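One structure coming up, written as structure tokens, with questions to follow.
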Amino acid sequence: MDITLPILILAIPITMFLILGIGGVKMSRKMAGVLGILGMGTTMTLAYTVAFTYFFSGDPAFILDGVRQQFQVFDATWLAFTEKLVVNIGFLIDPISAMMLVVITTISFMVHLYSWGYMEHEPGFQRYYAFLSLFSFSMLGLVVATNIFQMYIFWELVGVSSYLLIGFFYKLPSAVSASKKAFIVTRFADLGFLIGILVLSYYTDTFNFQALTSDPSAVLSTTGGATFMGASVLTWALVLIYVGGMGKSAMMPLHIWLPDAMEGPTPVSALIHAATMVVAGVYLVARMFPLYLVEEGALTFITCVGAITAFYAAVVACCQIDIKRILAFSTISQIAFMMVALGVARPDLHEGMGYMASMFHLFTHAMFKALLFLGAGALIHAVHSNNYTEMGGLRKYMPITHWTFLIGCLAIAGIWPFSGFFSKDEMLAAMFANDWLWGAWMTMVAGLTAFYMFRMYFMVFWWEENPHYKEHKPHDAPWQMSLPLIVLAAVSCVAGFIPFGEFVTWNGEPYHIHIELQVAVTSLIVAACGIALAAWLYMKKNNKPAAMKNAMPVLWQAANRRFYWDEIYMFITHTIIFNIICKSIAWFDRHVIDATMDSFAKISQKTSVAIKGMQSGNIQVYVLWYFFGAVILAAITWICLL
Amino acid sequence: MDLGILWYLVPSVLMFACGVYGFVTRKNLIAILISLELMLNAADLNFVAFNRYLFPGMMEGMVFTLFAIAIAAAETAIAIAIIINIYRVVGNTDINEVTKMKF
Amino acid sequence: MDSVGNIILYFIVAISMLVFSVMAVTSKKILRAATYLLFVLLSTAVFYFQLGYQFLGAVQIAVYAGGIMVLFVFSILLTHRPDDTSGSIESHRRVAGVCGSILGAALLLFALFSMPVTPEGGSLIGVLQAGPDITMKMIGETLLSTEKYHYLLPFEAVSVLLLACIIGGVVVARKR
Amino acid sequence: MFGNILIWFVILSIVMMAGLGICRNSSMNAIRAVMTVCSSALLALAVWLCVWFLDLRAAGDTSEMLFTGSWMWYEPLNIHLAVGVDGISVLMLLLSAIIVFAGTFASWKINPLPKNFFLWFALLSTGVFGFFISIDIFTMFMFYEVALIPMYLLIGVWGTGRKEYSAMKLTLMLMGGSAFLMLGLLGIYWHSGPDGQLTWNILEISKNASIDPSWQRLLFCLTFVGFGVLGAMFPFHTWSPDGHACAPTAVSMLHAGVLMKLGGYGCFRIAIYLLPQAANELAWIFIILTGISIVYGAFSACVQTDLKYINAYSSVSHCGMVLFAILMLTQTAMTGAILQMLSHGLMTALFFALIGMIYGRTHTRDIRQMGGLMKIMPYLGVCYMIAGFASLGLPGLSGFVAEMTIFVGSFEHADMFHRCFVIAATCSIVITAVYILRVVGKLLLGPVQDDHHLSLTDATWFERFSTVTLILAIAGIGCFPNWINETIQHSFVPIIQSITQAAI
């Protein structure tokens, strides 16, 4: 493949970042917006070209005997730690990275376009586009990484872009603290990632993904059976690396930053905190999947964490009133779905279908979740509030938003023929194939998903009209915002019919998707039940929801407060670490270490004050001392001589 | 009864002790100078006595005493000049008053 | 066996020397202190004569008693009114001074009396006869020639010192 | 003698002093002109040296030190003015030149007594340059002292707050370190020649001397503690918070940026290189101390409210990382240490420059009294954020490269002791993020705390000049780290060799 296109895919966004970042102050808004959108559009075109070339050109570098190959377009040395441990910056293309290129650039372009309308009146518009470009660059760099260290580099960069974008409204203290929280929590997770990388690279002497994944058993043998606390070091390394993924993908217990990250502008939530960055953890596991296969312990860990998180987030989502928070928790739940699907995937179970299904869901989820977020953005734009209590009955006022939002909800609920149905069905099938327990559990979560999504849908678009509408009539968004909604809705409608298994499988061999009828029917019924329940409760204004809330106040309160995770974290970080550890260390430093150093000075000062009276300048006293001294010396000498 | 060397050395020691006492206790600069002369004198007497009793054939002790007297004269002259100057500036010759140069 | 005259002279001189020493350092009136010092210096000169150093005794009288004492007296008159007294400093200093001087004297005396090589037997007559008389010629040669144990250079240095001292004294004490 | 390029670093600094000497005290422009010309000349010289050095290396000159020269200075003790550089010194010289250059612009409006300030500043830089070019440990020590002394006056006269106390504390503690150091150096000298010919020259000592192991242990502790005090090693770091907090801007920059590097460089060049056997045996003691430094400094920084204190404690943490990496005794970790020195030098200098500029406007350094400055002075705000990101290890800026190299290098030791400390050290990147973001959040973001601040102005041209220089250098290292690796990799060969030999 020609090296120019891949380089341009990375170069255009970073150039845009520099241009908009440095020159943005001098630029008009229009200029900045056009530049940003044009840049992203070009990148998207190039990414499509690259992906298309990869999937369809039939070049033996890409597909050999029907098996899709990994291909490093380029791989240049960036930093050589040792002769073998070399960090390269490169461009790896394989099914998942090509798929991600498409997803990222598409959503990013949509968000660029959408923001043109959404952010129109915000100060710092140029800065916003600069940050979006920086994010796109980092995310693209992350997915095309040829080695785990490159991934880590861009991993950190997306973290920072996320920080900058969450804190975009930097005058709001809530936005500032949310951005700080997001960065620090993911940073903490990255610590695990880093240590995992260190452990892995210590034993394998390489960072390169191809070297690591092409022969996992060789990797296993390099560790020489070393163990730590009962588990092999490879398990440790993989679990630690996964901890990095847990942070970025908001798995329990590192999920707390994602709901708060909704303080950022809504398009940003759509791009970063729904479609692309948060799936980086899934992508990371998928990228190293062959390695995880040799250590099933790590995979089991992933599955368990995913299953718990999925259920937890779904329950919490049922009890939120902020529509962005509901979407955030649904994101957590859906990502956990992908994680579980990856965790249950085995080569011998439907040829590793879980992997394919997970990637498929990643793809469809990105589309419909971006759609939902952008729809939510349109709602917020119209109503100027995040809470559904300020909304209700909006279907008449905002038809485009209503219909696209409905499509999104149907897709996420897994209703045929929308895209979510197909991917979720594959995932559930993979889970049932592994163990019926996972399948049943996740089917229940799928039902909850349908319930809370339609709860939100009915509360926003049906229920009862808000009386404020008479003063301030809500209306559909301008075309820059509607167009992305329509495009994404269209994609969500048809994406399910893409023969995804032909393109993306864990080993590159094509897999023919077929609907598992039993699973499909079960999940459809469960989803339909969820929707029906939501409709029964929330379609018309009534007292049933309030009655339910009053029936179990403790549970509702706990779920509404997200089961007090934030309080626990607050206690640990603020009370224990900040107030107890940090303050006591600072105190220790001032009053023990520094005081010791000062006391040396004080002692010598005191001594000198005590003896400086002798240096009175009075010659008579000197003579006296001298004479006494001489007498004593003479006496001593005398005694010695005797 | 013979006048041995101790006969001269003992008065010299006592005179020296008097000088020390005076030097340490007097407040007046001139009085201190007087005490100094006493000590110097005691030392001179020692020179001479030792010369006479231990090396009667030589005259080093006497010569040194001569020089000492000359130097004592010089020293006294300068000291008294300084004292007079101090008196002009400070108004008296009390050693405790002369502290301007101390700091 | 020294002559009785010498011994009597010795006692008179020694006693007066000690008494006047003590009085010189304890007298309240500074002019009296200077006078007592003069007596001490004269007594010392008598010792010099007794020990056979006539020239030295003469110098002692001329320079010390004649020259230095005049300086003292003049300066005292210049810097004191007749009724000025010079008290001692604080009593603890005086106690320290007494202790120090007595201690020092005691140590020195103890050293002197326990000196193993003290020429106990040396009498004044004996030692006066052991050496030649100090003639002026010898003194002149010693001070003004350059052989071993002769002191031309120190002599000249002292003369320069005296010159410097004259000039210095004039400069320092000059009225501005 | 004047044909040697290295001597010119010292000569130019002296010329700078002489030039300042003939300026009139009141003519600010003349003083600025002298400083600008000379510091630019120094920077140009450093860049030229760097290029020339790389050329020679590329041409295949693999000798340990290049541009060597040696002139007898005091015969009876065999003291030479011996100069020579390897890749590490070249980079350190470059770093010093950049910071002197940036510091000149950062103190453009110093008041009062500008001439005297710059005179001492120039003397300080003389010492620093002299230290890095010397390969004779006596001369090295002498320049080290030359660099320390002006600090007292610079802080005591031009500082803020409890300046006399801090100046005295800093000077006394560093002098205390020097006392240890002097003993250590004398010890090395007296054991430097097995055949009776004593020498101060590092190259000769490393080749000939075989210092008795028991002596090595003593001397290693002495020299390492001596230099460690300057490198702010726990528990000898307390001069740093007070000293930095009270120092004027340019002095903080030069002190944190370069002078603290003298400590790391000295540990590396003298303690480790000349006493390899003791280094192998006793490294663990200092690994514990520096490991504590790293975490302890970071935790302490979390609760400070004075901007300069925060940075001083973060310097304790970061400089601890330098010493920590040096003690790992592997080539990669040492490379990381050098990178960290450069990175920390540049970013701390940037930090202190920015703090000085902010302080000059708001007249407070208490983060509780400031807020929302990003809106009021966007340029300074952005620069502060960049410095912060460099400090918390954002890829693309220098901190990341340095820390990662250190971690990878340190991880080469497989035993539990090293592993535990490396993992503790890696934890510092999280804590660093906490305190940096805390400052950024309170200082730059959020609502404006004090309405008087609304009328403040953004950076002037000379401030921009100063910061841009540093940011470019930071980003340069962060984006293209490999050329630094290539510059210094030869320099480690003899050191690693002597360590491995000693280990056997």
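Each chain carries a letter (A, B, C and D) given by its place in the written order, and its residues are counted from 1.
Keep this in mind: contacts are C-beta pairs under 8 Å (C-beta built on N, C-alpha and C of every residue); 3 or more make two chains touch, one makes a residue touch a chain.
Owing to the predicted nature of the structure, the values given are computational and were not obtained by experimental measurement.
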Pair exhibiting more inter-chain C-beta contacts, A-D or A-B: A-D
Inter-centroid spacing, chain D versus chain A (mean Cα positions, whole Å): 37
Distance from the mean Cα position of chain B to that of chain A, given in whole angstrom: 96
Chain A and chain C, separation of their C-alpha mean positions in angstrom: 102
Distance between chain centroids, defined by C-alpha means - chain B, chain D (Å): 63
Interface hub residues of chain A, defined as touching at least two other chains: 620, 624, 627
Junction residues of chain D, two or more chains touched: none
Set of chain C residues in contact with two or more other chains: 89, 93, 96-97, 100-101, 104
Chain pairs in mutual contact under the definition given at the outset: A-B, A-C, A-D, B-C
Parts of chain C lying in touch with chain A, wherever the complex brings them together: 89, 93, 96-97, 100-101, 103-104, 107, 111
Complex interface listing, chain A residues touching chain D: 25, 77-82, 85, 87, 149, 153-154, 156-157, 160, 163, 167, 170-173, 176-177, 179-180, 183-184, 187-188, 191, 194-195, 198-199, 201-202, 578, 581-583, 585-586, 589, 593-594, 596-598, 601
Residues of chain D touching chain A in the complex: 168-169, 172-173, 234-239, 242, 296, 299-300, 302-304, 331-332, 335, 372, 374-375, 378, 389, 392-396, 400-401, 404-405, 407-409, 411-412, 414, 422-423, 426-427, 429-430, 433-434, 437-438, 441, 444-447, 481-482, 485
Contacting residues of chain B [partner chain C, same complex]: 1-11, 13-22, 24-28, 30-31, 33-35, 37-38, 41, 44-45, 48-49, 52-54, 56-60, 62-63, 65-67, 69-78, 80-85, 87-88, 92-93, 96
Chain A to chain C touching residues, read off their complex: 620-621, 624, 627-628, 630-631, 634-635, 638
